[in-house]
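Chain nomenclature is as follows: A, B, C, D and E, assigned in order of appearance, with residue numbering initiated at 1 for each chain independently.
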Amino acid sequence: MLTFALKRLGLAVLVALTVSAVSFSLLYLSGDPASAMAGETATSADIESIRTLYGFDRPFLVQYADWLFNALQGDFGQSYYFKLPVSQLIADRLSITMLLGVCGISFALVTAIPLGVAAAVRPNSFIDRTALFISVMGQAMPSFWFGLVLIVIFSIQLNWLPPSGSGGWKNFIMPTVVLGYYAMPAIMRLTRAGMLEVLNADYIRTARAKGAGEWRVMFKHALRNAVVPVVSLAAVQMGFMLGGSIVVESIFALHGAGYLAWESIGRNDLPTVQALILVFAGFYIVFTFLSDLANAWLDPRIRVG
Amino acid sequence: MSAAASPPPVLELSGVTKTYRVKQGLFSRPKPLRAVGGVDLRIHKKDVLGLVGESGCGKSTLAKILLGLEAPTSGRVMVDGREVSGQDRTLLARRIQPIFQDPYSSLNPRKSIEDIITLPLVVHKVGDSASREQAVSKMLDLVGLPQRVRRGYPNQLSGGQRQRVAIARALVMKPEIVICDEPTSALDVSVQSQILNLLGDLRQELALTYLFISHNLAVIEHLATRVAVMYLGRIVEEATAADLFAEPRHPYTKALLASVLTPDPSMSVPDTQLGASYPNPIAPPGGCHFHPRCAAIRDICRTVPPPHVSDAKGHVDCHLYAERTQAA
Amino acid sequence: MASNIDTLAQEIQGPSPAALLRRRVFGHYGLLFGVTVLIVIVALAVLAPLLAGQDPYAQSLVARMKPPFWMEGSDPNHLLGTDHLGRDYLARLLYGARISLAIGLIAALISGLIGTTMGVAAGYFGGRVDLVVTFLINVRLAMPVVLVALAVVAVLGGSLQVVIVVLGFLLWDRFAVVMRSSTLQVRGLEYVNAAKAIGCSTRRIILSEIMPNILNNLIVVMTLEMAHAILLEAALSFLGLGVQPPTPSWGLMISEGKQMMLFEPWVIAIPGVALFILVLAINLLGDGLRDITAPENRS
Amino acid sequence: DKASDTLNVPFTKELESVDSYFNSAREGVILQRSIWDGLLFSDPETGEYKGNLATSWEWVDNTTLELKLREGVKFHNGEEFDADDVVYTVNFVADPANGAVTQRNVNWMKEARKVDKYTVQIITDGPFPAALEYLAGPVSIYPNEYYAEVGPAGMGLKPVGTGPYRVESVEPGKHFVLKKYEDYHDSPKGKATIGTIDIRTIPDVNTQLAELFSGGLDFVWGVPSDQAEKLEAMGRFNVVNESTMRIGYLEMDAAGRSGADNPMTKRAVRQAINHAIDRQAIVDNLLKGSSKVVNSACFPSQFGCEQDVTVYDYDPEKAKALLAEAGYPDGLSIDLYAYRNREYAEAMLSFLAEVGIEANLKYLQYSALRDLRNNGQTSLSFQTWGSYSINDVSAITSQFFKFGGEDFARDEEVRDWLETADTSVDPEVRKEFYAKALKKISDEAYWAPLFSYNVNYVSTEEVEFVPSPDEVVRFFQVSWR
Amino acid sequence: MSEEPILAVEGLTIDIPMAQGTLHAVRGIDFELNRGETLCIVGESGSGKSLTSLAVMGLLPKRLECTARKLAFCGTELQGLPPSAMRQLRGNRMAMIFQEPMTSLNPAYTIGDQLAEALLLHRRVGKAEARTRAVELLGKVGITAAESRLSQYPHQLSGGLRQRVMIAMALMCEPELVIADEPTTALDVTIQAQILRLLVDLQREMNMAMILVTHDLGVVARVADKVAVMYAGEVVEQGTAREIFENPSHPYTQGLLRCIPVPGRTKPGEHLGSIPGIVPSLIGKVEGCAFRTRCDLAESACAKPIPIHETEGGHSWRCIHSHMDRMPA
């Protein structure tokens, strides 16, 4: 168990390092950070002085090593734009993104799993077709467009929900739906496929032969087994969702990490972008790790050798 | 029968071992699993060597080693007295061909029957398309399939027919040795008998040598000239079919024979005298691997691996016979 | 009075795989719908110059923001109205289909090539290769796609080519994952062993024994990734870091139309619905392909 | 809204820092005017200078300006305002090492000296006629003790000034709350009337409008003309349009920095481009409002902005002829760089295409574009310049024609004339030399000046607001109706 | 005879709607089973054995259409019984053992949980009591150290052990009828013999009726009191084991018996008997004898309805030939 955890941790660190190296080289090898820092009205002399001040004239590898060394100590440098420590900035913005992510994935799970189960129990029934329809729609609906449509309907036409901001729970309804709907189809399909497969499994017949009722069969025997891959998927989706919150946050003017990322790209605020990529990657890694643990807990074949 | 005068065996294994590393749980480190442990075996021309043993004892692994699909961890495989590992794999492929257990997965579903049967010819660049066409016709006749199946696909055939296609593919290169890994265990009895008859006929016609793997002793008795009994990766007894069935020596062989259920309504289900526990191949029992289930167990069996007792009839690995020979 | 036992016993051969496939295709309404819509869209895209009748780039500042035909004040010359520069919306929509299709197709091809190579290599060779590929897949999955794509496009400058290449190099993960597991599955089947025992070269085994049997999965992933790429391009363009104007990309049209969406909802509705239908059709096609090819019927 | 005496307004951009010396955004200027005061105040209507934190001022010599300070002014934190504050602020920001973002705003000052508690001298770095404009604009006075303690970062998070509004809270980049400063001194700015200003950053104009519809915002500015028209038509909102000092222009690489064989080095080509674009159509259909076509390389109201220059009217035929004359009878292909107003750029693409110039739009982030410009790689770019709302032509021509990184004309004659004008304190001399320079710029068609920008201010009917041409929203002049 | 049969099936028919038409998987089969008796259903793959046993348990998938003139358990007609009543019978008075020990146990729960569940569902007992019973039964099916096995998961057991657990699970409530669907097919020969022996012993001990589904004639001969031979969805021959093996009367039964090599009886290397051809498709209309396409003795009359011949000993077969050349015993 411990060696497993250590191994996973080692792998996770390696993944994170690679991600950071790739993104660092992508970002820093092209574009001029000094100019980005200088702001819109700077002169070339301003830029030159910034270049030497921040050491952008040093060799690339030195810069990376320097960055990495500091990053390992939790110091992602200063935002070029806000002139604030990036870690503080991200910590500040992350809460909204996390909240959004948690709401989104909860929404996705709460809708997807019952639908998936219901669809699997009665394949080709009305409910199955409805579920399929919902998921097909969800996959084809561009989320930025969906968000705009929701705003037009619920904020402008009906005036039920505020179109932007993060002041109260009402602000989170539309973003949650948009973000959750993006992740829902995959989870629903996997639940359905898993349940279908599990319901055809011999041990379900065994349970029925014992005289277990349908609900018991469905929830105690089938879902427990079908949910194992769903956990992994949900973790992956959660990771994607944080990364995908860019679109949603920018539509609903939520000042979360995703929006920060988008703005920072536009502002060439490289330390922030770099740190955000790493943070999102870190979340993905953490979630998949947690899902592995959850799966081990759910599936004794993994847990006990 | 006289071992000394006979030509060298077409196929000879000495000390062949195959160890896999398997992971059990997510949290455990891989452990070695000795699927085949120190197997010595000789197959002579036109022999049918029956290989029996229970599931997981390493029969298929042995077959894969012979086919060159797996490299043995140690030991030597020799064909016509030449060691295989140095030989070109294509050369080996010309002489040894397989027939697998599952007629459903042994044929590529995307290829027509004709393509499946000619594949060996194409790979080894034998003949031109016309001669290959002829070869297919001949093979189809040989295995008793109508000519019209040649443009069909595997999913259009029944299990027995598929197995015939597999046999045709195995024989189209005119190999000397055919490795049959449970070729009939997925088939119904009525089809099984067709395939067994076919295999018997082909052997006569083409002077083939078979390694015939099965766990159905009745089938083995019907077809084999020699029989090797395998238990947990080792050959525990080997003898001619007649000898083995007339006088099984190893307690495991005895149990195997006892558990053959002949369709005789006057008999009831036999008591094999075997223990219920099936050993874990990852942590095989010490001493004689068979000792936890053996009806004739002695103290020595728990600690000391059994000796290799050879005589004119074949060989048996068992403490019982070690003493007897010593005493004699 | 031949009962079917007599006839069926004669007929040893069932339907061929092709016939079976045909039967399943025509029994799958989602697939048929997807294919039909896709064919229509492709036809529209190909025939855009004929159908549009107008230059999608021709602007007329005096004829801006004309509404589509179902609204008052529409112009019969501009069935779907005009955009903020007075360009014909229908023409832009039709030419936009070309962009979306091209992006989807080429990006999926690039990523398919990368992902399939990696996945098949990992699945077939296993061991170290598998470790490395799995690691790369992990790295790729850990990278937030939208963010990285935005960043890279921002750095390289947005053009059709850049967007296609960036998407192509970012979306290979699913190919790799699916191809790896499919290959693993097929590799364990007896006919691959049989091919090895026959003496087939590794190349032949991969190309003619394994690939044909995982091709269906490849095609399914291809369609899904195509849809994914189209959506991503639209999202990037929407965020202003994708294809550049005046290219009539649908995402860009939504982005530009967003300005007026509160007053003239049709401006975003038209390209939005077009995008939705295209992606829907491709997804239905992919789902359908998966359904009809998934369980290889065993007799 | 009026009921809660809170004006809800959006910022479009995330403001990097509230400290006005450490941001370069319009939003920063808006906050600066409300939170801090300058020594002087420039009446937005007349342009006349009035005393604010200073009560009188006088040039002691070419480079020394002496000011008498207002007494009894208190900063929001209670600190008293006196000469030390001025001296500290000026000396801090004038030192390039402290990294004030927009050096131009402060680098004309060498230092400040305290004469007595309420008298200071500001020493300029050479003669600088526009000094008063800057003192009334970007140069605001910070409390010396507080600033010394917290520095720019602290000032950004918890700003303290003397202005009509004090800062209640700052969530960097996201949310700012201003409260009316009850003890505001008797400034020409006047006291604020609205109690609370609540500013949220909402990047997208649409979202801003959606919020306006649903009552989340009271006042929005920078609304594109199309939407403004629609909003006006709805009758629920006040829509006011006001011109700004920002002008748009095409910058052409006459100097051949991007390559000696660059077509833009040919005067005929540059003139052709001038003739090719129907600026009036763009103004009428896209910018609308109070935007105007500009012909000279500056905003007409700026001091020294000569209007009597060569005018290139819209004439595609002539453009084609000029192109043919320059050796491009079949037209040419070129990259057009731009960083804002994509739709205007797109419209220009189309006009250029009509005369045979196939322009590929390269729409970049400002900073990326500036890199290219400074490296001399943009042969044709669509630029805009707002002159920091400084009503003096030096804020534009001197930025772009004095051989800086953004000078693609590299005309020595123009540079020398501008130098003379910039450093002279005699208005007539300045006028004369600016006119010479601007005429040559026009004749040589170094730029294609396009149009001036305008801003639409949209508010609910409760809000009373009078815009000024400098694009700066003065919250203290907004009131409830 | 006087006693009511524990299971009486008459005219059981199972139709499966398929894309290509209706699959007549089971076509009107009859059998009866008394207390303490063992009935073996034997037949080739796809002949409908499993469907028949699932039909008795009421476990057929819903989309299959199952009808019967009579389907009575201890006199209670099972058709039309409300699901809750059917559940009360299942696992309680009739139990089933499935073919695949590897997949028939839920991988997510311990052996103990799964064993106890059967009892907890039907008896008012506590967890502890259910555990005790589980340990007791595990002992009975020959599992040593039963106590420690309770907390193990299925994947930790070998196939033979799992099948023993399955048997123990079926017997938890001491059912009157056990249906074992090929309980030993997936097992090794040695273990097969052990499991069969265990089943037979327990059946005697508990005086249960048992239906054993198999395709292994060897098993049938050794275990059965009564045998039903199925071919293509029909019972083609039925009778006591002795009758069937010594007097096989249907050409199919005879063919089957000739196909299998029997040590000591068939000569090594000699041709085995065989049945040519393949099983016909049962999709669409099926008339006459399904075996006629493979039968040496087929005549045109075989395409017409087939009479059932019955002897006094209860031996019956479905063939146009009433008196066949009997196989030499």
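In the analysis below, a residue touches a chain if its C-beta (ideal position, glycine included) is under 8 Å from a C-beta of that chain, and two chains touch if they have at least 3 such contacts.
Please read all numbers here as calculations on a predicted model, not as lab measurements.
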**Prompt:** Smallest number of touch links from subunit B to reach subunit D?
**Reply:** 2
**Request:** Using the touch rule from the top, work out which pair, C-D or B-C, shares more C-beta pairs.
**Result:** B-C
**Request:** Compute the distance, rounded to whole Å, between the mean C-alpha positions of subunit C and subunit E.
**Result:** 50
**Fill in**
CA centroids of subunit A and subunit D: separation to the nearest Å works out as 40
**Prompt:** Measuring from the mean C-alpha position of subunit D to the mean C-alpha position of subunit E, what distance in angstrom results?
**Reply:** 91
**Request:** Report, in whole Å, the distance between the mean C-alpha point of subunit B and the mean C-alpha point of subunit E.
**Result:** 31
**Request:** Please list all residues of subunit B that touch 2 or more other chains.
**Result:** 158, 161
**Request:** Hunt down the residues of subunit D that sit against at least two other chains at once, touch-wise.
**Result:** 204, 206, 210, 213, 365, 368
**Prompt:** Can you list the residues of subunit E that touch 2 or more other chains?
**Reply:** 278
**Prompt:** Mind pulling up the subunit E residues that touch subunit B in the complex?
**Reply:** 44-45, 142-144, 158-161, 164, 187-194, 196-197, 200, 215-224, 241-242, 244-246, 255-266, 268-269, 271-276, 278-279
**Prompt:** What residues on subunit C touch subunit A, complex-wise?
**Reply:** 30, 135, 138-139, 141-148, 150-152, 154-156, 227, 231, 234-235, 238-241, 251, 254, 258, 261-262, 265, 268, 272, 275-277, 279-280, 283-284, 287
**Message:** List the residues on subunit A that touch subunit E in their complex, please.
**Reply:** 201-203, 205-214, 221, 224-225, 298-301, 304
**Prompt:** Taking the complex as given, what residues does subunit B use to touch subunit C?
**Reply:** 64, 67-69, 89-90, 92-94, 96-98, 100-102, 104-111, 119-120, 123-124, 146, 148-149, 152-153, 155-159, 161, 166, 169, 173
**Message:** Which residues of subunit D touch subunit C once you look at their complex with the stated criterion?
**Reply:** 204-206, 209-210, 213, 224, 226-227, 230, 278, 281-282, 284-286, 342-343, 345-347, 349-350, 353, 361-365, 368
